[in-house]
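In order of appearance the chains are A, B, C and D, and numbering begins at 1 in each one.
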Amino acid sequence: MWRFIAHRVVYTALTLAAVSLVSFLIIQLPPGDFLTSLAGKMAEQGGDLDSASLAGLKARYGLDQPWYIQYWRWITGILLHGDFGQSFEWNKPVSELLWDRMGMTLLLSLVTLIVTWMLALPIGIYSAVRRYSLLDYVVTFLGFIGLAIPSFLLSLALMYILSRYAGMSVGGLFSPAYVNAPWSWAKLVDLAAHLWLPVLILSTSGTAALIRVMRANLIDELHKPYVQTARANGLGEMELLFKYPVRVALNPFVSTIGWVLPHLFSGAVIVSVVLSLPTAGPLLLSALLAQDMYLAGSFILILSALTVIGTLLSDLLLAWLDPRVRYQ
Amino acid sequence: MISSQRALGRAILYLSIGCGVLGIPELTMRAALAADYKEAPSLAKEVAAGKLPPVAERLPTNPLVVKPVNSIGSYGGTWRQALVGASDGLLERTIGYTRLVRWDPQWTGVVPDVAESYSANSDGTVYTFKLRKGIKWSDGTPFTADDILFWYNDILMNKEITPAVPRWLRSGNDPVVVSKVDDETIQFSFKSPNGMLLYYLASNIGSDILAGSPAHYLKKFHKAYNPDVDQLVKAAGAPSWVALIQAKVGNWQSPDRWRDAARPVLDPWKLTVPYTGTTQVVAERNPYYFKVDPEGNQLPYIDRVTYDVMGDVQSVILKATNGGLDMQAQRLNSLETGMVLAAHREQGGYKLFKVQPAWSNGMLICLNQTVKNPVLRQVFQNKDFRIGLSLAINRDEINDILYAGQSRPYQAVPRPGTALYDEKLATQYTQFDVKAANAALDRTGFTKRDDQGYRIGPDGKRIAFSIDVQTARKDHIDALELIRKYWKAVGIDMQPKPIESSFAVARMLANDQEGLVWIGGGGYDFLGLLDPKWYFPYENQSAFGSAWGIYYQNPKDPNAEEPPAWAKKQQDLYTELLKTVSDEGKLALMRQILAITGEEFPVIGTDMDPDNYGVVKTNFHNVPDIMPDTAFYVTPGPTNPEQYFMK
Amino acid sequence: MTDATATGGLSPPRRKLVELGQWGLIYRRFRKHKLAYWSGFIVLAIYAVALFAEFVAPYSSDRYNPRYIYSPPQMLKMFGRDQNGDLALLYVNGYKVELDPVALQRRFVIDESRVYPVGFFVKGEPYHLFGLIPAERHLIGPVDPDAPMYLWGTDRLGRDLLSRTIHGTRISMSIGLVGVTISLVLGILLGGISGYYGGWADQAVQRTIDFLKSIPTIPLWMGLAAAIPDRMDPLLVYFWITVILSLIGWTDLARVVRGRFLSLKTEDFVMAARLDGCSRQRVIWHHMVPSFTSHIVASVTLAIPAMILAETSLSFLGIGLKPPVVSWGVLLKDAQSLLALTQAPWLFLPGIPVVVAVLALNFLGDGIRDAADPYS
Amino acid sequence: MRLTPIPDAGLGVPPVPRPAAEPQDLLFEVENLKVHFATDDGLVRAVDGVTFGIPRAKTVCIVGESGSGKSITGRSLMNLLPHTARIVDGHVLYHPEPGRTIDIGKLDPRGKPIRALRGKDVSFISQEPMAALSPVHTIGQQMVPVISRHLKLGRREATERAAAMLARVGIPKPAERLGSYPFEFSGGMRQRVCIALALSCRPKLVIADEPTTALDVTTQANIIDLLVELQEESGLSILFITHDLGVVAEVASDVVVMYLGKVVERGSVEEIFHDPRHPYTRALLRSVPRLGAGRDTRLAAIRGMVPSPFDRPKGCDFHPRCDFAIAGTCDVTAPPDVALGGSRSVRCVLPEAIRPPVQRAETPPSSTQRTLRHG
């Protein structure tokens, strides 16, 4: 087993190196750089950037260097002393920026994940066991409504209705009174009062897919003879359902659980933008639009690292859950 | 020499009248108020507790008296606003507009601010500013001429911090020389006459001086004054001390300086919670603010200003319609939003105030006469081609569709009611006349048409080109769709190309664009002077001739090209304008430039940009009913937010 | 005594069953899943509309009418008297204009008095069906071509929302199909190989998956959207991007296929197939893949709606399809504003076909999945 | 056509009918059981009035072609039917001890009482050893909870008992193998595990639904020997469902022949083998390959196919394939079930089928079984 893991760690390092190079190049793909996007923003508001100060900023940000030197300096910065570089737009270290938003992003993603799985698994199981029943249709229908409505419309409409009729503050995760207040019980309650909206929107779209996959897999397993054997040994329906077929049906989930990790980190970009949530998603989007190189690059690097780790994790989980795989 | 003397005399007279409106009554009032200044209750408590010196000691010997728009206000209240994203300029515009000299609210001239008075020598090479005696920073440290010298010697002229002195502080390649006459007086000396200094000082670009002046605070971050600055650098995680101090001073293009709550300011409010993008930004009253109202109450009236950081403009509009914004126009100033705001006035508990765009045109169309494709270059440089295209546009229909009939056909020239307004320039070729359009296009010689009715260009192929348009400007995209149909009718194939604004600018820098639509700058007089890029090839963003514009800025730039005679003449006229001190002189030269623009017709205008609206709550007072809306005017700065009050 | 020939001896119903063959059986079982059955019809209808968009839609997608900006939807009514008195079987009411000077708005209100007869197969704007056959008949439309018939109201340019939605169907329902198929084929093939062969092949595929999976789609999409030459038609740009992204889109399915292959490898029927001397390809395609067609069908039917929704999200971010191209995503992007929410809620109507299409496709997928499952 | 007497089925010694087992020592009594399925194409009367008894410590074989309803009958004894099936009539009476009776047919299939019986009083061995055990659980994880629940034992005792059972069914190093997974066993070994699982709670009846069909002949013989040994040792009854007459001959003490949901003939193994009455039984016996019957003789197959449950022939179900069908009677009226004394009965109208049994010399049953196997 340990040889297997060591083997994978080596691969992970290689993959990360390749990805960091690619992510750096992707950001270079669009024409121009951070300064042209800054000039673009300025032009939108009517001001302009004279070429002299442009040259000055170019030197300061090191954008006048060829891309491979920029890349080399960035990578060595990360590897040697954990410095992810400086964000041009924020003029703050990238690590500090990411760290500010990490708490909220993880909280939002984790709660959404839990809610999604708590919703999707029982519904998936029920609709597999009670196929073609009325409730199967109703429950599946609701699951899909969440998936079918584009999240940015749902977010805007719900935010509009809640702020208009339920007096909920617009955007953000806190009402104005608490946004800068130190953490207290009241602040937590206020957070909860705001958090449920994004979680609801995110989990509705998430559950539909899980329900479908769970239903498909469980139906396959329900007819297997070992279920009959269990019944013949006097196990109750619920007991044998969860002990045997559900356990086997979880196999496909496991092989994709690894990729939940990066999602936890980036969080839902679109819903966060519309609801103005202080999560990492909007930061990535604005960094990409502004071509804020080191911020966007580090973000993508961390995302890909989590993906690779996620894959390793899900391989291990797959082996744990399905012995047939382990005894290859 | 004589003409300039008379011009100088008139200028001084003009300027004094300008401040006279405020100055003369001001003189009488100050004498009476010397003793009994009043202050905000919250500060009175701190004075009683001994944490603050009494108000008379906090104010300069003669504080600036601000005449309220309607009435004397009362202290208290929180002014709620909203930002979008990471680099919103609203802080600079609302609580950051403190300058040596500032625009007057009606944008007709420049008035004293931190400088008690100012004067210029006859040929506009030396400007003298007298600072207010006893004026203090927000942390109580006195503000003297030495602070300005620190900015000049240790920030502007320090090659590491400012690699290149900005254009407006240079004459040719020689930077300005700033010298101290006495503790309260400084002088700006230029090698050659500089007529635009006061305008730049008053506009958004001028903020860098006072931002770089708190010497006592910035010395900590300056290697010359603090040898072990490296600890501070490591603590802040900055790459170098230069980057750290640049972040502290910031520049007018980015809100860096608003990410540091400790920075001493001369503004009405000082930051308590900085702009980090995840939490709300908060600013509270500056106890040492140097302005009072005619009854001697120290300004500002409003205690606290908050800015919610939003991710998307729609959330800002939603906040406004729910009454969550007390007074704001930024991000709400579009036609479509105007409709929504108008419909929710009762529910939001607010009124609308007009913000007049300073644009010369709602959407102007540039065909790049220095485009790299030789065929298109030959076609675009033909004046009749541009006239034909202009006549083919049905401006009334665009007005109906895009501006709900609130606008009128207009070319890209100064707005009516300004000194530079010219009836002929404004209305030439704006009538919708397909027959005349085809006649003009026939005059260009491209009369043959292909099977689909498109005219054949000099190379035997159909004349076809793309026009860049910002994806964010939905109205421009719609207008271009309509124009594509109008031009198809007269045989010209145009393909709109929606792209991100930063990419559009990148293409202009490299002179890659074939055509571009943009909002027309230079509608107001001063804006015309400060931002002439649509009247003659001034820089790369003059999209109708980017290569010529680049030439004007830097003839040696690889993308630069020698402009034709008419454009060269305009460039020379503008260079001379920069040296003219008197406004009359400048305006006269600008009229000559505009005459050539009218004759050559390089840019096609569509309709005037209709007025937009901001929201102001019913309990929020002293806000003018109309104000100009542009970054140069730093809306709403010049309307003295310190005298706004809530009751 | 009845004769006992091979099939003659079978009773009629038994013979019918035998002859149906596998697909026949699947169809019979499929009919049992009522919802899926009707979803099948809906999906067919949607693709039919996509095919005959020009014919079905009353107007072309970019026909604008400055007189009717932001006008509300009209109700289709029966039995009205039009101006010159004769009976109109189907008709719609016209509009009255109320000018609200303060709110800068010309508000349109339904004017009961005006009657515009509506007919089927009426003459309207000429078009080329499939780009070839010149025609001008429209399924439904105002009898008098200039009369305003806007069943779903109009947008900010006075363009008929129903027509634009119908034209949008063509793009939204088809643009991603190529991409989905490429992802599907690659997913099964590479997933299969990696699961079946194991060893270095598995490592190679897994590492490529890690690599591809970690490239975030949004920045790649932005980079490609900006890098593609400027004068290429925006539709082609979008098409090429979907194809490129499908080259990295197969990773999810590949992972799942690999997981199932690993579990199935130990099943005896696979061993038996190999013992029979089947080539590896044959084992993968004929023995292993059918055993989890249900999962593949489930993920395919999820992929198409996911593609439709992805298109709407990308349009929201401003990097997907852009005007003048018309798609559901572009239409919904216009609805993404408070103006729409408060003043023109009918701008959300294009959301309905998105929801219907996604639901229909998913239920159809379920139906097929259940029917194709040999055990149930 | 006359009924030609069957040669002596190559058994050498004529069978001697034993006195039918008295009713009171029956473990299970199935009376007129009817089980119907609701399918897409209509109602299927899978089990259409079946009656037979299972004596204690005896093995009853149900034999019949596929589709005859034998599996459904077997599973009805545990009331373990697919969810589309219903017991519509008749009783399944279970006598744990003489005098106490439980009608299993009436119990709620998902209720607690029936679940207490399943695995404890009555257990089940399925046909596909391959898939009868969960692929992702170890043998121990699947056996121990059943044992501890039914026998109210702690984990440790239950594990010991499981290991003992594995040893008993001939699995080497049982304690260790409890931790291994089903896919680590061969087909035969896996069936042994299933048997261990089935017998782990000392059930009174084991329903073996074609337990050896999926196995090769040698493993089949081992499994059958194992079952017989366990039966003699613990006195449990076995309901053996098969279509293989060779197995019947080896294992059964009583035989029930089913065709299209009905019992066409019933009796002791000797009676059935030596004095088959129903033409279907006789045809089945004829189609069994004989040792030493020479290579050139063709196997006698029963002509035609089992008719579709939706299209039952009129009158006697078997008449279309019966060589002795009497036109006018067999294809008109369904034959009654004629009792021939004791547990012997036949459902036919042919005179030679329903004539009274002839007394034969008493021969010890085990010898016949052994001769069959080694003959």
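The rule is short, and it goes like this: contacts are C-beta pairs under 8 Å (C-beta built on N, C-alpha and C of every residue); 3 or more make two chains touch, one makes a residue touch a chain.
Since we're looking at a predicted model, the values are computed, not measured.
**Student:** Which is the least count of steps on a path of touching chains running from chain B to chain D?
**Tutor:** Tracing touching chains, the least step count from chain B to chain D comes to 2.
**Student:** Taking contact as defined at the start, I'd like the list of chains shared as neighbours by chain A and chain B.
**Tutor:** Looking at chain B and chain A together, the chains touching each of them are C.
**Student:** Looking at C-alpha means, what's the farthest chain from chain C?
**Tutor:** For chain C, the chain whose C-alpha mean is farthest off is D.
**Student:** Tell me which has more C-beta contacts between its two chains, B-C or A-C.
**Tutor:** Of the two interfaces, B-C and A-C, more C-beta pairs touch across A-C.
**Student:** What chain is most central when centres are computed from CA atoms?
**Tutor:** Smallest centre-to-centre distance to the global C-alpha mean: chain A.
**Student:** Could you state the distance in Å from the CA-based centre of chain B to that of chain C?
**Tutor:** A distance of 48 Å separates the two centres.
**Student:** Which integer distance in Å separates the CA centroid of chain A from that of chain C?
**Tutor:** The separation of the two C-alpha centroids amounts to 26 Å.
**Student:** I'd like the Å distance between the centres of chain C and chain D, where a centre is the mean of that chain's Cα atoms.
**Tutor:** Result: the chain centres lie 55 Å from each other.
**Student:** Enumerate the residues of chain D that touch no fewer than two other chains.
**Tutor:** Where chain D meets two or more other chains at a single residue, that happens at 135, 183.
**Student:** By residue number and range, which residues of chain A touch two or more other chains?
**Tutor:** Within chain A, residues 30-31, 156, 160, 224, 289, 322, 324 contact more than one other chain.
**Student:** Going by the touch rule set out above, which residues of chain B reach two or more other chains?
**Tutor:** 314, 318, 321, 472, 500, 503
**Student:** Show me, using the given definition of touch, all chain pairs that touch one another.
**Tutor:** A-B, A-C, A-D, B-C, C-D
**Student:** Under the definition above, what is the set of chain D residues touching chain A in their complex?
**Tutor:** 78, 80, 110, 115-120, 123-124, 126, 128, 131-137, 142, 146, 149-150, 181, 183-184, 194, 197
**Student:** For the complex, which residues does chain C have touching chain D?
**Tutor:** 1-2, 4, 9-14, 28, 32, 263, 266, 268
**Student:** Could you pull out which chain D residues touch chain C in their complex?
**Tutor:** 40-41, 130, 135, 183, 303-305, 307-308, 310-311, 320, 325
**Student:** Quick check on the complex: what are the chain A residues that touch chain B?
**Tutor:** Interface residues on chain A, with respect to chain B: 30-32, 36-53, 55-56, 59-60, 83, 86, 89-93, 95-97, 100-101, 104, 156, 159-160, 163-164, 169-172, 176, 179-180, 272-278, 282-283, 286, 289-291.
**Student:** So in the complex, which bits of chain A are touching chain C?
**Tutor:** Touching chain C from chain A are residues 11-12, 14-15, 18-19, 22-23, 26-27, 29-31, 131-132, 137, 140-141, 144-145, 147-153, 156-157, 160, 208-209, 212-213, 215-217, 219-220, 223-224, 251-252, 254-256, 259, 262, 266, 269-270, 284-285, 288-289, 296, 300, 303-305, 307-308, 311, 314-315, 318, 322, 324-325, 328.
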